[in-house]
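Have a look at the structure that comes next, please.
Chain nomenclature is as follows: A, B, C, D, E and F, assigned in order of appearance, with residue numbering initiated at 1 for each chain independently.
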Amino acid sequence: MSHWIIAPVILPALVGAAIMLFMRNDLLLQRVFSLASTLALTAIAAALLWAATLHPPEVYFLGNWPAPFGIVLVLDRLSALMVMLTALLAVAIQLYAIGSDWDARGRHFHALFQFQLMGISGAFLTGDAFNLFVFFEVLLIASYGLMIHGGGKDRLRAGVQYVAFNLVGSSLFLFALATIYAVTGTLNIADLAVKAQTLPEGDDALFRVAAVMLMLVFAVKGALVPLQFWLPATYANAPGPVAALFAVMTKIGAYAAIRFGVMVIPPSTPATGTLIADLMMPAAIATLIIGAIGVLGASTLGRLAAFAAIASMGTAFIAISAFTPAATAAALYYIVHSTLAGAALFLIADLVADRRAHDRLDQALPPIQNSGLIAGLFMASAIATAGMPPLSGFFGKLLVMDALRDQAALVWSVILITSLVVILGFARAGSTLFWKAHAAAPLEGPRHEPQGLAFTATFGLLAGLVALTVFAGPVMAWMEATALSLHDPAAYIAANQLPQVK
Amino acid sequence: MELLVASALGLLTSAGVYLMLRQRTFPVIVGLTLLSYAVNVFIFTAGRLTVNLPPIIDKYANGYTDPLPQALVLTAIVISFGMTAVLVMMALGAYLEAGHDKVDMNDTDETPKGGAK
Amino acid sequence: MLDYALIFAFLCFGLGLAMNVYRVFKAPGVPDRILALDTMVVNVIALIVLYGIRTKSGINFEAALLFAMTGFVSTVAYCKFILRGDIIE
Amino acid sequence: MEQIAEILISALLVIGGIFAVVGSYGLLKLRDTMQRLHAPTKASTVGVGSALIASMAYFLVFEGKISWHELMITLFLFLTAPITANFIAKAQMHRALREEDMPKTGVGSDWATFDPELTMVQPSPTDDAAPAVAEAPRRA
Amino acid sequence: MSLALIAALPFIGALLPGLMIRAGKNACAFVTGSVTALALLLLGLNAPAVLRGEVVQTRIDWLPSLGLNANFFLDGLGLLFAGLILGIGLLIIIYARFYLSKSDPMGQFYSYLLLFQGAMVGIVLSDNILLLLVFWELTSLSSFLLIGYWKHNPEGRQGARMALTVTGGGGLAMIAGMLILGNIVGSYDLTVILQNKELIQASDWYLPALILILLGAFTKSAQFPFHFWLPHAMAAPTPVSAYLHSATMVKAGLFLMARLWPVLAGTPEWFYIVATTGLITMVMAAKIALFKDDLKALLAFSTVSHLGLITMLLGFGTAEAATVAIFHIINHATFKAALFMSVGIIDHETHTRDLKRLGGLRTLMPITFAFATVAALSMAGIPPLNGFLSKELMLEEAYHTTWAGSAWLMPVLATIGAMFSVAYSFRFIAHAFLGPVRDDYPSKPHDPGFGLWAAPAFLALLVVIIGFMPMTSAAWLVNTAASATTGEPVQAYIKHWHGLGSPALWMSVAAVAAGLILLGAHKRLMALWNATPRPEAKAMFDGLIEPFAHLSRRLTDRLHDGALTRYIAIGILTIAATAYYGFSTGTHTPGTRALLDVHPVPALGWFALALATIAIVIFHRNRLLTLVLVGIIGLMISVGFAYFSAPDLALTQISVEVVTVILMLLALNFLPKQTPAESTDSRRALDMGVAGIAGLAIAGLSYALMTRDPAFAPIADYHIANSKPGGGGTNIVNVILVDFRGYDTFGEIIVLGIAAMVIYALTEALLRSGPANDRLVAWTPDLKRAGDRHPMMLVVATRLILPIALMVGVFIFLRGHNLPGGGFIAGLVVSIALVMQYMASGFAWAQIRQKVDYHALIACGVLIAAATGIGSWFGGLPFMTTGFDYFHIPPLEEFELATAAIFDLGVFLTVLGAVMLSLASLSRIALRAGETINVEPFDIDPSEGRSLDDLDPQEAR
Amino acid sequence: MLKRLFPHPLLSLLLFVTWMLLVNQFKLGSLVLALFLAIVIPILTGPYWEDRPRIRNIPAFAAYCLLVMWDIVVANIQVARIILFMRNEDIKSAWIPVPISLKTPEAVTMLAGTITMTPGTVTADMSSCGRVLLIHSLHAPDPDAIRADILTRYEARLKRIFE
């Protein structure tokens, strides 16, 4: 078994601690080490992705204890994919944070960033339900720190709300896990997947409660209506790069929903049946609608981006809630796309906000620096987010729609109508920000250095979208294989080498 | 006994939730603290209630209670402690920045009361 | 005989505890409540020790020791808050 | 031997129990806070004290292992009880009582709790733990 | 490949103008033009094969799993449209070079133009309807940019948004239609779809697909009732109008109808929807055009009208009608583009497009007059020009078409439409060019340079040529295109004279005559027109969009107004509801586990806990009291843990509880001490309800769990069995924490470390200059403060208690592996001991005497823990594999050493560091708030013989 | 050297004993550890306690402890009697300022503690010059007697022990 599986967790942890210990007061050193670590993480993630593509799932038995008694890490295509996505995103965001000097506007940005990466990687790689909780907490508390990075009234107040709401979520997570353990007596995900199928009938009801609560936890993370309320204020008030990093945080909810909803308690499970699907689909549709309406109704660019994120989660969860291989594959593709697109949008929003007195959309301001360039970037990310051709968003939507042709009447019309609303919202916002600006008094916005790095980062994310579009074919082929492996987790379970139950 | 524990658990949860729904940060934090106590007890009860069977290996022991939930509770306690600490600090910061300690952001800031002027 | 004494003691300290609780609930001021809490801790310690005798195990004596410590610290903290506001300046 | 020990232990337990009840009862019965302060600081300490001694004796005699933790707890309680009492008393004075109602010290200076200017200060040091804020010596 | 290249060229080329503009406008225009020319050339190379009746194809797999592939094919129809797009595109590029003013960013313009061109070519060459969709929406986007090209012009912005909304929206509908079509046939490839007429028209999904696809086509081609966006798109620069809104984009809809004609047409649904829409559009738009004074508006509505005409012809569903449609597409493209450019010239020269301010240009701009008139006459359908030819054929078709049983409706309305178009065409000539020369033109007009009139003139020439010799000049193209459209060989016979017997002759005679009469009566009709109220398209559109946008804003802001308490309430209710749903829909058999019986003292504990919990709700406004009650609750829970065989939990719970309370007290010092009563009774009742539900749910769930045994043997059995032999410890919980699930603990201490880090960073942020800092500096205690901060008794006592407490900490740490205790509890115990010291003499006082780098403490803790884990790698074992052994160094007794203990040390250090760093941060805030640092450990020192404050500050250290 | 090793010899001794009490077993290993801690911890806490108090008269100290023990028992019986059998209105509480001549903080603290633990009295506060202790007596028909009792019975002894 290769120790590399745990590297994405240990490396950031060590670097984060080292930054704290040796270079607490030297920003340059912090930048160098933190960036180096993130790049290394990317390389490792790439290697893991490669390995996961070639080989069946690999299990890392922590403490050399056999599953399900110890904690295991599992490297399968899905976890590898998510870690890779995180790493790539992290590189871009870190470049941006450095380029825009965001990391200098408060203490401990890079240490927190590294721990954040540790938490996210840990959450993706773990094969243990309770350990998933622990790493949720790691990434959450790091995100609290990053969210209030730099301080300020609104940010702190929004931060309090963010923390408070997530504490409720964490409590729910623990209630769910405790119930699961009390019913099944296990915490190992593979073991759970096995036991869920052979649960005595009398325990169904309680297990269903546990399943619902668990999925609601992921719904909180994934900002699924009606648990989305925490997101807009948080994302709109978080520092730009942090909000961009949060683009992957919501996806953790989606990831977990897939991991458990598809692999552990698929609709074929006797105890739970279609319970989850029945609840998730309407919620997802509501989410998409609320998000789209929010994009049109957003009062600031930050909130617009936030609601776009909600809408994207709606689409992703619509696909997930179909629980078919095709839909899961579409969901995975869409998740990757919307992560990059959302992040890009937040970075661009930050570029704009940085150059304007405010980012309100109901009043035009004088043209800003590099207006043309930023307008172009905005248009590109708007196209991607709205799911217009030619960028990957369009394919994502087509894939989702194609996979859900059974519910065509409902799902298609919702997806298409919301797309129109989103397009409208972006068109209005864009013309206010970049066209109307010329109508307003031709004053100069606050002066600004070019910030080459910041732009490079943003371009990088958009380039990722282009790549996702151009190589849609092979990417989708890969996603389909992954989806199949999730819908038939035999290999995943086998890798855990569970003891034979008598 | 189980009924007593369950009812106490319910009371804790209710009190926690009620305080969480107040409009000032301080009671909200206290409410969250109570909720986390409730959670810890809940996890603990997932190992069922036993008396005088501590999970300490001992040749005279006549059985052990389920130790795993206890370990989970310990982890949960520690984590919620960290979270609470951060939240307390953020609430203080928000109060100092805003001049009031309302949790809801749907109202215009009032003039600071109490200590901070 | 020992058992009866033990039960008697249990009831006594329990009764004491009950009175403390009542005092916490109904008191003219916070200092009284702090006092009640402090007494409560003491009674709890006693109860733990009695329980140790009953179960013939000292497994919880560290807990008792820690209760004594934390009880003291928190009492002082509450009082210092009343006295000065900032308990650790 | 065992008999005597049993009698002794039982006696200790009973006495302890009685004192505990008395202490807590005083907490309810007595008139004002300062009076109530007397009850637990003494009664309870002895009450729990004798219970602890009883336990020590019990384990020594019947389990054949000497357990010193009870002794430590007892000492700890006896060490801290006066401090607790002192603080609660000060808190009560500060909260509920007025300086006028107190007897004079007889030596001119006030009682510490009521002395408005009683903190000798120095400018805060500048280091990681405490920022460079050169407050002028401030009177509380 | 070459087909894909034709489509790709403009896209690639779109990058060039931006670069070339640095080399000057001519270079820029030249490069743009040559890109288009090259594409045109490539198209030409494929033309012969197409004319021979072959179909040229290129297939590139893109997204096979979806059936979306970059497949292109070129047949007659594609050839015709691609030719139009590229040919007219070339003319537009030349024209624009001279039209755009110096201030306009030409590079951008050409880039957008090429983007649009690429998208259009893509549409007409796609052999995959999903690919077609991609290009389709791209035209919407690129036209959005072109229409809004003049950023300063608000009409431009609104026009662009309207166009994008309408056409983009139609496009989205079309996506659905195409997906349905693809699902019916089982392939998204056009060549396959076109083979399956029966399959499609038999399917139940035919009508929905038809409607959705037509929505796309009608919006794009500005058919009634979606026509309103087109006139507003005229805010665009004239070259754009000429290109997009006459020649190409608006024809995309027509193209699509023609493209799918073989499989969609021929059904009554098709006839009634398409033909009727076309007819209405033709007549209505033509009428409006007559009353537009803005030349561009006039042309815009005439375009709409002609598009309606073509739609109608396609709607007839006969091969003949389709052929006429194709022919008119060609003719309309020629004369309408020419007219737009002429208008552009007039605008360019006279700085106005208002017919009321024009007239008499005939003598001032003779050249323009010449080709504009030719084009206009063709538009009016005056022989022998090409417009006449296609109009005659149209009337002929209309004459032979019965609509819902009435034979006369079609011909009559068609004639009326023709009449209006005669009228506005003549008005265009008469009111712009004829009449006396005026002296009040906004600017002195004269014919422009060759560059500007070359393109329109050339088109006018085509109008004439096709007009005079249709068979030689156009028939071949019409035939191939029509054959491709209808899927059957078509031979068009286009001639001017059909004999006196042909009804079309009399219909057009009537139309011309009536048209002239209308023109004559124009003044009075205009007055009448202005008098009659009519729906204003833009107003209606805005009336639709603005309220919706406003509503969205309201809804969004109302829902997400930052009312956290409501969010949480909703969340909790959702959780409870869904969880209950899950429970009630599953089978539940109550547990049979033997219950513990209740003893009086535990019951008393329950009573204490319950009472304190209720009290905390009642007294929660008194914050200090709240914390006291929290203390009681924590104590009771801790005792409960001790009673229910969880000594470790008892220890942890009580220590955590104390530290938490102390942190809260520290914060409370700066917060209001009272919580105002601000909730209404109803709100309280509501919250009570929510709280009650939550409590009941949790109580019920936990009871259901406690009273049953797990369905499977819990994994903990393994932990019990292997704690000593495998983990080397008898305290199973601790072994789980540092060994079985040590990885959890690793994450957990990192959470603590981060928490402290966050608190530190936040403090830094607060202490920076800003409102928070100002408030702190101006802070005055809101409570009366006692005289002495550091009573002597406590200090002296602490001098004994601190060392003892530290000892206890060490003790608890060392025994943790085998008995209740461990690194975490030890860390808290030591922290509490230090807190005691700080309360005695003050944090800063202690700081000065003993500096500890808490960051380092935390970091070291984490690193030590991690290092212990990594250490096992060197044994080739996985992360955190622990080892232990028993050692015997005489004369000492045998003792055990476990790597887990080192890990636990990491835990210890992290906990200690975290708590201390948090306290340090809070004490920094206190210092900023004006708190001061004492010199002596306690305020009153009897040995001094006098109180310290008699000294002056200098004397103190 | 030895002074550096044992800044507070008495404290070290106390800690040594404490450890043995804690580990509850008399083994060589424990002794070694106890010695180690008895050295290390005082050095760690040394900064908070620069001056070392010296007990000049150990036997007197021991005697004093026994005396206090006895008094505590007596005191409790008295207080119990007051609580149980005296009607509230008969209880005559009083504030009694007690001027003291002790100087050593440790001694003063000890006295204050003793007062709190013994007959119906609690040390409530101290004058800001450190010369007078404020004592609250639960039932003081004759305050001066109590004051005198404190001074003779305890302060005098403590003076002998500490100064």
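Here is the rule we use: a contact is a pair of C-beta atoms (placed from the backbone, for glycine too) under 8 Å apart; a residue touches a chain by one contact, two chains touch by 3 or more.
All values reported here derive from a predicted model rather than from experimental measurement.
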item	value
Chain labels contacting chain B and also chain C	E
Closest chain to the centre of mass proxy, which here is the mean CA position	A
Chain pair, A-E or C-E, that carries the greater number of C-beta contacts	A-E
Far-end chain from chain E, centres as C-alpha averages	F
Chain B and chain F, separation of their C-alpha mean positions in angstrom	39
Geometric centre distance via CA averages, chain C-chain A, whole Å	49
Geometric centre distance via CA averages, chain F-chain A, whole Å	62
Distance from the mean Cα position of chain D to that of chain B, given in whole angstrom	29
Touching two or more other chains - residues of chain C	10-11, 17, 30, 34, 59, 62, 65, 69, 72, 76, 78, 80, 82-84
Numbers and ranges of chain D residues touching at least 2 other chains	18, 25, 37, 45, 67, 69, 72, 76, 79-80, 82-83, 86-87, 90, 94, 109-113, 115, 118, 140
Contacts with 2+ other chains: residues of chain A	130, 134, 137, 141, 144-145, 148, 151-153, 156, 158, 160-161, 164, 168, 175, 178-179, 181-182, 187, 233
Contact pairs between chains, per stated definition	A-B, A-E, B-C, B-E, C-D, C-E, D-E, D-F, E-F
Touch list for chain C against partner chain E, complex	10-11, 14, 17-18, 21, 24-25, 30, 33-34, 37, 40-41, 44, 47-48, 51, 59-60, 62-63, 65-67, 69-74, 76-78, 80-89
Residue ranges of chain D in contact with chain F within the complex	18-19, 22, 25-26, 29-32, 34-35, 37-39, 41-43, 45-46, 65-69, 71-72, 78-79, 81-83, 85-86, 89-90, 93, 102-113, 115, 118
Touching residues (chain side chain E, partner chain D) in the complex	767, 784-789, 791, 793-794, 797, 800-801, 804, 843-844, 847-848, 851, 853-855, 920, 923-924, 927-928, 930, 932-936, 939-940, 947-949, 951, 953, 956-957
Complex contact set, residues of chain E against chain B	561-566, 568-569, 572, 593, 595-598, 602-603, 606, 609-610, 613-614, 616-617, 620, 623, 626-627, 630, 633-634, 637, 640-641, 643-649, 652-653, 656, 659-660, 663-664, 667-673, 675-676, 678-679, 687-688, 690-692, 694-703, 705-707, 709, 714-716, 719-720, 723-724, 730-733, 736-737, 740-741, 744-745, 748-749, 751-752, 754-756, 758-759, 762-763, 765-766, 770-772, 775-776, 778-782, 818-820, 824, 911, 914, 918, 921-922, 925
Footprint of chain C on chain D - complex, ascending	6-7, 9-11, 13-14, 16-18, 20-21, 23-25, 27-28, 33, 36-37, 40, 44-45, 47-48, 51-52, 54-55, 58-59, 62-63, 67, 69-70, 72-73, 76-77, 80, 83-84, 87-88, 90-92, 94-96, 113, 140
